[in-house]
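Chains here go by letter, A, B, C and D, matching the order in which they are written, and residues are numbered from 1 within each.
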Amino acid sequence: MTDFRAPYRGGFTGNEHHFALTVYFEDTDLSAIVYHANYLRFFERARSDMLRAVGIDQRAAHEAGEGTYAVTEMDIKWKRPAKLDDDLLVVSKVTKIRAASCSIHQRVMRGSEVLADARVTAALLSPEGRPIRQPADWIDKFKAILAEGEE
Amino acid sequence: MTDFRAPYRGGFTGNEHHFALTVYFEDTDLSAIVYHANYLRFFERARSDMLRAVGIDQRAAHEAGEGTYAVTEMDIKWKRPAKLDDDLLVVSKVTKIRAASCSIHQRVMRGSEVLADARVTAALLSPEGRPIRQPADWIDKFKAILAEGEE
Amino acid sequence: MTDFRAPYRGGFTGNEHHFALTVYFEDTDLSAIVYHANYLRFFERARSDMLRAVGIDQRAAHEAGEGTYAVTEMDIKWKRPAKLDDDLLVVSKVTKIRAASCSIHQRVMRGSEVLADARVTAALLSPEGRPIRQPADWIDKFKAILAEGEE
Amino acid sequence: MTDFRAPYRGGFTGNEHHFALTVYFEDTDLSAIVYHANYLRFFERARSDMLRAVGIDQRAAHEAGEGTYAVTEMDIKWKRPAKLDDDLLVVSKVTKIRAASCSIHQRVMRGSEVLADARVTAALLSPEGRPIRQPADWIDKFKAILAEGEE
C-alpha cells in the first residue's frame, strides 16, 4: 500500500531518470491541451528530482550562495498533445558533462508515445549570474548516470 | 518499494483528503518563497485528485458537455511561507453540499504547521457557464465524505 | 499616436488605480475561460503598477533588503468568466493603511461588468519573512490615494 | 497623453513586430530572475498580438472550429537574465510561410541587449489536433510582413 502522505519521487532505471506526473487544469489552455510552455515546467520538475536523486541539494547550494542551475539552451519538439488527467512520464538522460554545464535529453511520454522531445543545456550560475564550475563531487555524480554514446 | 513510474495519487484518511506535493522552482518567486497565487494551483490539484478518488471523472464530464467545476469564491489566509524543496500536504474537507455547489475547507500544511488556509466554494457550470445541478450520484459521493459539523 | 515600444503603465483617476490588460492563451484553461488563479496574477500586476505610480520602487527595496510586500489574506469572488482576447481593467483602491500592512479593494472589470471582486491584505515582510513597519514616506504616499470611507 | 484604460497593443516597424512588456513578480523565480519557461509566455503574447495586428482573429477562428495555432518546435537560447521591473521588448519576424505552418524569429530585448533568442515553428491545427492549411487570406497577410532573406 502506498502512503499518500509521502510526496512523489522519481528515480532511475539504469541511466534513465523517470518522473511521473498527471495533467491538471492549471496545465491546460483553451485548446483543451497542455499549454506548450508548461512542458518546460514538467522538464524542470524532472531535472530537480534527478538532482535530488543523485544527492545534489539545490536549495542548500542556493542558500549557501554556491550557485543555481539555469537553462541556457533548449531545442524542443512538441509532437502530440497531452490532455487533462493524462498520466505522463518524463524520461531524462544526462548526455554530456562539461565543467560548467550539462546536456540532458528529456522526453515527455504517454505510454509508448513521445509527446515532447527536448535537448536541454543547463549551466551552473553564481549568484551574480556568471557561469561557474560545477563542484567535483557533482561532476562525479553525473558521471555515474551518464548515458554516454546515446543520442 | 514504490513504483516511480506510477503518478502520485492522494487519498482519504476518514473524511480528510490528503494530497502531498513538493515545491519546485516554477512555484517560487524572487522573495525565494512560493508565489501566493500558486497555492491556488496546489488547492486545485488536491480538489481534482479528491474528485478522482471518489469516482468523478472530470475529463469525461467536460468532454460530454455535462459540466465543469469552477471556483466561485475563496477566502484565503497565507500564514507562513513555503520554500523550494519543501514537502507539503494539502488537507481538504467537503463541509457543505448544495444542489449546484460545494464548500471545501483546504489547508496547505508543512508537518504540523498551517501555511495557508482557505474556504472554497466550487460550482458546477454548464459549457455555457451557467450553474447547473450536480448529478445525484455525485451528490451521494460527496455525502459519503462530508465532514459535517466541522468548521 | 502611441509608441508601442513603451511598455504599458496604468494610472490613477482620482483615488482609483486603473490597469488595463488583455487575455492571452497562457491565461486560459480547458474550460476556455481564464483559469481562476490567474486573476491573482492580474491583481498583482495592478498592485505593482500602483506602487510604481505612487513612487515606491519594489525592486530597489527588495535588493536593499528593506522588505517586500506579500499578500496575507484575500477574499475573492469570481462572478463572470473572462475569455481569450478580452480587454479587462483592474480597478484598485487602497481602503486602509496600518503600520505594517494595507487593505486594497480590487476588481477585474470588462466594460461595466465586474468579473472578479477581491478584498486583499498585503503586508511588508523583512527578508526573513517577518512583518515590518512600512517606511513613513510610503505611508504618506498611500494616504494621498486612500479611498477612505469607501467599501 | 496615453489613455491607461486602453490595453497595450504592439505594432510593426517595417517587417518587425514589436511588443513591450514589464517583468512582474509572477514572472520571477527564487534566483531573482525571470523563470526560463516564462519567456515562452512572453513570446506567445507577442505572436498573438502580431496576429491581431495583421487582422487575424484567433478567438473567432477557435470558436468557429476553424483551427488554432500550436507551437510545434522551438530552438531557444537564454543569454542574459531579466529581472523584476525590467522593461522588455519582444521583437518578432515571420521568416517563412508554409501551407500549414510558419517560422518566426523572436527575441526578447532589454534596450540593445538580447536576453533570449528563439526560432519558432507554429502550425495551424484542427479542433481534432491535425495540421490544416492556413486560409489563403491569412497566408496573404503573412506574406505582407514576411522578413524574407533575413536570418
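In this section, a contact is a pair of C-beta atoms (placed from the backbone, for glycine too) under 8 Å apart; a residue touches a chain by one contact, two chains touch by 3 or more.
Just so we're clear, the structure is a prediction, and the values are computed from it rather than from any experiment.
Two chain pairs, C-D and B-D, are compared here, and C-D has more C-beta pairs in contact (counted per touch definition above).
Seen from the Cα centre of chain C, the chain whose own Cα centre is farthest off is A.
Averaging C-alpha coordinates per chain places the centre of chain C 26 Å away from that of chain D. Separation between the centroids of chain B and chain D, computed from CA atoms only, is 34 Å. Chain B has residues 25-26, 30-31, 33, 37, 41, 44, 62, 84 in contact with two or more other chains.
Residues 30-31, 33, 36-38, 40-41, 44, 62, 68, 70-81, 125, 129 of chain B are the ones touching chain C in the complex.
Partner chain B is touched in their complex by these residues of chain D: 25-26, 28-33, 35, 37, 84. Those residues of chain B whose C-beta lies close enough to touch chain A in the complex are 2, 4-11, 18-22, 24-26, 41, 44-45, 48, 52, 57-59, 62, 83-85, 87-89.
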